[in-house]
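These are the structures in question, set out in turn.
The following pair of complexes shares a single chain, subunit A, combined with subunit B in the former and subunit C in the latter.
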Partner chain A sequence: MTEQIKTDFDKIVKTSAFSEKDVEQKKIYLNKFLKTGFPTRKLENWKFSDLSQIIKKSIGELSFYNDYSFSNKVDTSIFVEGLEHNKIVFINGRVEKVDFTHEDHDKIEINSDFKFVNRLEHNNSLLSLNNAFSNKCYKITIKKNYSLKKPLVVYHSTNNKIKSKNINLKLEFQLEQNSSLRLIDLFNDGAENNFINIFYNFDLKENAILKNYKIDKLQNKNIRYSYNNIEQDNNSVSETFVLSSGSNFSKNEINCNLKGEYSSAFVNGIFSLNEGQHHEIRTIINHLVENTKSYQLIKSVLGENSKSAYQGKIFVDSKAQKTDGYQLSKAILLDETSEFNAKPELEIYADDVKCSHGSASGSLDENSIFYLMSRGLSYKQSKELLINGFLLDVVEKITDTEIKNLVKNMIGLKE
Partner chain B sequence: MDKREKDIEKLKDYKYGFSTDIENIRAPKGLNEDVIKFISNIKKEPKWMLDFRLKAFERFKQLKEPNWQKPKYPKIDYQDLYYYSAPKSMNDKPKSLDELDPKLLETYKKLGIPLQEQARLNGIAVDAVFDSVSVATTFKDELTKQGIIFCSMSEAIQKHPDLVKKYLGTVIPTTDHFFATLNSAVFTDGSFVYIPEGIKCPMELSTYFRINASETGQFERTLIIADKGSYVSYLEGCTAPMRDENQLHAANVELIALDDAEIKYSTVQNWYPGDENGKGGIYNFVTKRGLCKGKNSKISWTQVETGSAITWKYPSCILKGDNSIGEFYSIAITNNHQKADTGTKMIHLGKNTKSKIVSKGISAGFSDMTYRGLVDINSKAKNSSNYTQCDSLLMGNKCGAHTVPYIKNKNLDSNIAHEATTSKISEEQLHYCQQRGLNPEEAVGLIVNGFCKEVLQQLPMEFAVEAQKLVGISLEGSVG
Partner chain C sequence: MLKINNLSVNIEDKSILKDFSLNINPGEVHAIMGPNGSGKSTLSNILSGKKGYEISGEVLFENNNLFELETEERAHKGIFLAFQYPLEIPGVNTNIFLKTSLNAIRKAKGEKELDAIEFLKLVKEKARELKFDEEKLNRQLNVGFSGGEKKKNEILQMSMLSPKLSILDETDSGLDIDALKVVSDGVNTLRGKDNSFLIITHYQRLLDYIKPDFVHVLMNGKIIKSGGPELALELEKKGYENFN
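Our next item is the complex of A and B:
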């Protein structure tokens, strides 16, 4: 891998117009990545999912070079119907379209040449990889007191021109005071066996509201890693919803720093997996000041040969009195070969807090099935009804009605 | 200082902090093959035992000290320790208690351990381990009548080599982790219990561990075998003198329950925790593992952990036999600068296996407490279930309470439920108690005892009372 990655890196430096300083910086990141390589199960964070092995097994040799000199045609059929929205379209990792037609243009600033300053002291080798290889980083700023009229949909598409590639994406959002953003990430993959590495950074100022919905629904053979870092000021609210279902392997990490009083974070997730899929959600909620709140609800339905993992951590600093933290993970195992792993973790240094977590896993309740069947439903129908009810619980947590209905339609859930 | 404050001051002192001035025989300092041979030789061990130790030592040399635990400690120099220390008077083992060094008897009397025959009324058979060797075992005759073997490990190696050979190292093999392997190489003594088929042990068996000598590590090894249909309840208690240095205690405990057998293992751990500035104290790095080997067997761990500078242990159950049951009840209290990283592992291998975990953690002062546990349900463990509850109580905002459960479910017929809460003593509860005439200290004591009740109930009577007191004492001075 090392040889491949080095030649690919040189090729990119030659063909792209990076300044000398940028190249220097990127080299540092590359070396940092090379030192550790892809994470293995020896790292505590990757205990349940050995990425290095997964890449080796399902992709083999990765290639890191992507030719961004030509543009791809945007296939409009992927666009969401029945919902007016703004768009950012990524195809094979290249931004093909940025469209904010529904908004006041002086209220939104889009900087396509943003230098991603890495404030995070990190040991995340995938972030190093992203920093070394990502092409352009867009920074989107929502100005003071402005709420986007329509949601923003980010399309992550790939087409069959690429195979066994590593794609690195980065987006930076700044939400100024009293602003709000609804963001949907939609994954449409035409390509197979790629490793897609996505980093988002959100900076929420006072009273800002962020709602992020990540929808990975279409069956595909890619490996996906997505990392959200959310910084929150006073009174800000973040809501993250993850539908984890389509990719072969997917890991969503959400790191949330509640730095302002009365800020709150909500994370809700659904795993609906089948046939050899392996997904993970890892959350870290850092309660750093007084009176902050977090709530997490993760549910899994696991079919044949599938595996899901949830690692959730609530950290409460000694200053963060009056913290309210809650975590719940539930799983239904449908097959003898399915597996559920959880590590709900509390790390607490303040005494006047209310923190709890719960985790439960098991099979579908036979009594409930019997109840439904005795009322005339078939076994299959009863099972579906129970599973839908189980998952609906999480979908109902979506606070935006428009998007809630969209999600319900997408996964075929009816009330 | 008024009287109450003085009382508190007095209670804060570690009651068992004295040391006994007694002549010792020690192995040369350091860890090498010669020291292991020295230990084996002085104990007149057969060759297979020495081979067992040397094999473990070979493996130990390749192992690295783990460092994933939450409480970090300064590096231990394993060459700067004495691995064997025994009271000189034990050189030729006394035949009866009358021949025992009076100083030793004195020590145990101070600790409140009934070694002498007049303490018979107490009805508990005690094996006392002083530094590296077992000094006395009481009630031997009565137990022998029933065919129960309760003696020191060294004696068992001499007198019951077949049993020892058959079971030693089957639950904690010589190829285990760093501290367990170190113990396999250098263990000095400990207790051995064998309960024959169908026998219910008529009394509580108990071992009392005492570290006395300085610069000494204590490495004892306990092996309990409950044969088919038998039952035994076993207790252990521990204390050590107050010293400025940190002392290492790395014991191995192996439990084996055959078909329909039940073992109940209770620990009241009160090693010296260090002074209020965190100086000195015992590093309690113990490996405890029980194997439910037979059908319908049951192993239950109960622990009250109030002592040690650092406690780092996970009493575990391997539920191999069908319908076997594993239980873990724990109270861990840390105060001042104490640190604890403790919990359990429940590994479900057999069908219809059940496990229950109840853990109560209380941290006060500058201490740090971690519950770390694993529940692993194997794909063959059909119809098994686990229930876990871990609650933490925090007193003040200088301390920490953490919960790190690992949950692995590979079986669709199995259920796992896990709950955890963290809170502090509520103002309302305190107010209620104080209104009724309790002072704040008493109120806290009462509430904490209520918080721990579920676990205290699991202890045998005599120890429950002692543990309850211990819970109160450990938290003295932490209210405010």
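Our next item is the complex of A and C:
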């Protein structure tokens, strides 16, 4: 891999217009990545999902070179219908469209010359990889007291021009005081067998509200890693919803730093997996000051040979009295070959806190199925009704009604 | 309508029903009374298709071999079981469930499926008849319902589906007098020359409200005596132990 990656890197430097300074910086990140390579199960964070092996098995040799000199045509049929929204369109990792037509333009600042996310944890080799290889990236600032009128949908599309490639992309968001953003990530892959590596950094100032909904619904043979870092000042609220279903492998990491009093973080997730899929959600919620709150609810429905993992960490600093932290995970295993792993971690250094965690897994209740079938429903209908019912309360946690209904429609959940 | 011939049932070597036979004709109401553990609930489970039993003998429903029919096919053909312990199904809206159920059965019968408006009109009408709180129709199925409400919900489903054969498994247990009256009214409304009932109960009380044509006493997996409504009164006086 090392030779390949170096050759690809040189090729990118030659064909792109990076400044000398940027190239130097990128080289540092490249070397950092090369030192450790892709994460393996030896790392606690990756114990359920050996990315190095997974890439080797399902992709083989990865190519790191991407030609960003030509643009891709945007296929407008992927756009969500019946929902007015702003757009950012990525195709094969290249930003093809940034459209905030619904908003007041002096309230949003778009910086397309933003380069590195370097404030994040230092030992994440995938971040180094991302910084070394990602192309142009954007920083979006929502100005003080401004709430986006319409949601922003980020389309993550790939087409069949790429295969066995590593795609890196990132976005940085700053939400100034009293601002708010509803952000939907929609994954739409026409390409197969790529490793897609996504970093988001959010900076929430006082009273800011972020709602991020990640929808990976369409079946695809890609490996996806997505990292959200969320910094939160006083009274800010972050709500993250993950529908983890379409990719072959997917890991969502959410790292949340509750730095301001009365800030709160909500993470809700659904795994709906089938044949051979393997998905993970890893959260780290750092309660760093007094009176902060976090809530997490993760549910899995796992078909044949599928596997999900939820590693949820709640860290409470010694200063963070009156912390309220909660996490719960539940799984329905539809087959004896399905597997659910839960690893709750509570690291608490303060004494006046309320923290709890729970996890439960089991198969579909045969008595409930019998009850429904005795009313004329087929086995399939009964099973679907029970699964819908099981997942519905996670979707109900979505606080934005418009998006809640959108998500319900997308995943075929009926009220 | 229903012919049970020499039915024997075992669960893991334990014999539950022994050589059990019963004939129910269209329009008849049969009551089966028996002490705990006599095999009453097993009988109702088997008729509606619950798995996990070793069965020998024959059960015919309108000349169809019942054991060749899946649970939902039995429902399509008109068999309904009011559960002794109706299940709570979190996340499943009662109305949605009722509509799915009704339309599945109508479809199987070759009838037109009801749209949302037709359905709501019907369900509201039936709920009113049964004094069933309409607001509960929008709640999760049986979740947080009282024992009596759950039983009423069973009868509501029964009257929505108008089955040919309704099996009531201890529907009276857990009901107060008022609810018992309402439930009985629900059953009596459905009574007719084509609708039959098999009522399973411990007590004679329910039979004051729903007058049976036949009463059978079930003990140790066998019918030990059959007769008319007077048999229930006799049983009430003597108790099961001294009945033989």
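We adopt the following convention: the second predicted complex is superposed on the first by the 413 of 415 C-alpha atoms of A that agree within 3 Å, B and C clash if a C-alpha of one lies under 4 Å from a C-alpha of the other, contacts with A are read in each partner's own complex, and residues count from 1 in each chain.
Basically, a contact is a pair of C-beta atoms (placed from the backbone, for glycine too) under 8 Å apart; a residue touches a chain by one contact, two chains touch by 3 or more.
Since the model is a prediction, treat every value here as computed from it, not as a measurement.
Of the two partner chains placed around the shared chain by superposition, subunit C is the only one that A:371 touches, whereas subunit B remains out of contact. Within the superposed three-chain model, A:359 lies in touch with subunit B and out of touch with subunit C [touch as defined at top].
Shared-chain residue A:338: touches subunit B; no touch with subunit C.
In the superposed model, A:199 lies in contact with neither subunit B nor subunit C.
Once the two complexes are overlaid on the shared chain, A:389 sits against subunit C while remaining clear of subunit B. Looking at the shared chain after the overlay, A:379 reaches subunit C, while subunit B stays out of its contact range. On subunit A, the surface touched by subunit B in one complex and the surface touched by subunit C in the other have no residue in common. Against subunit B, the residues of subunit A that register as touching in their complex are 44, 318-319, 321, 331, 333-363. Considering their complex, residues 365-368, 370-379, 381, 385-386, 388-393, 414-415 of subunit A touch subunit C. The touching residues of subunit C, counted against subunit A in their complex, run 48-51, 70-72, 74-76, 80-81, 83, 86-87, 89-93, 96-97, 100-102, 104-105, 108, 140, 157, 161. Against subunit A, in their complex, subunit B makes its touches with residues 68, 379, 392, 394-424.
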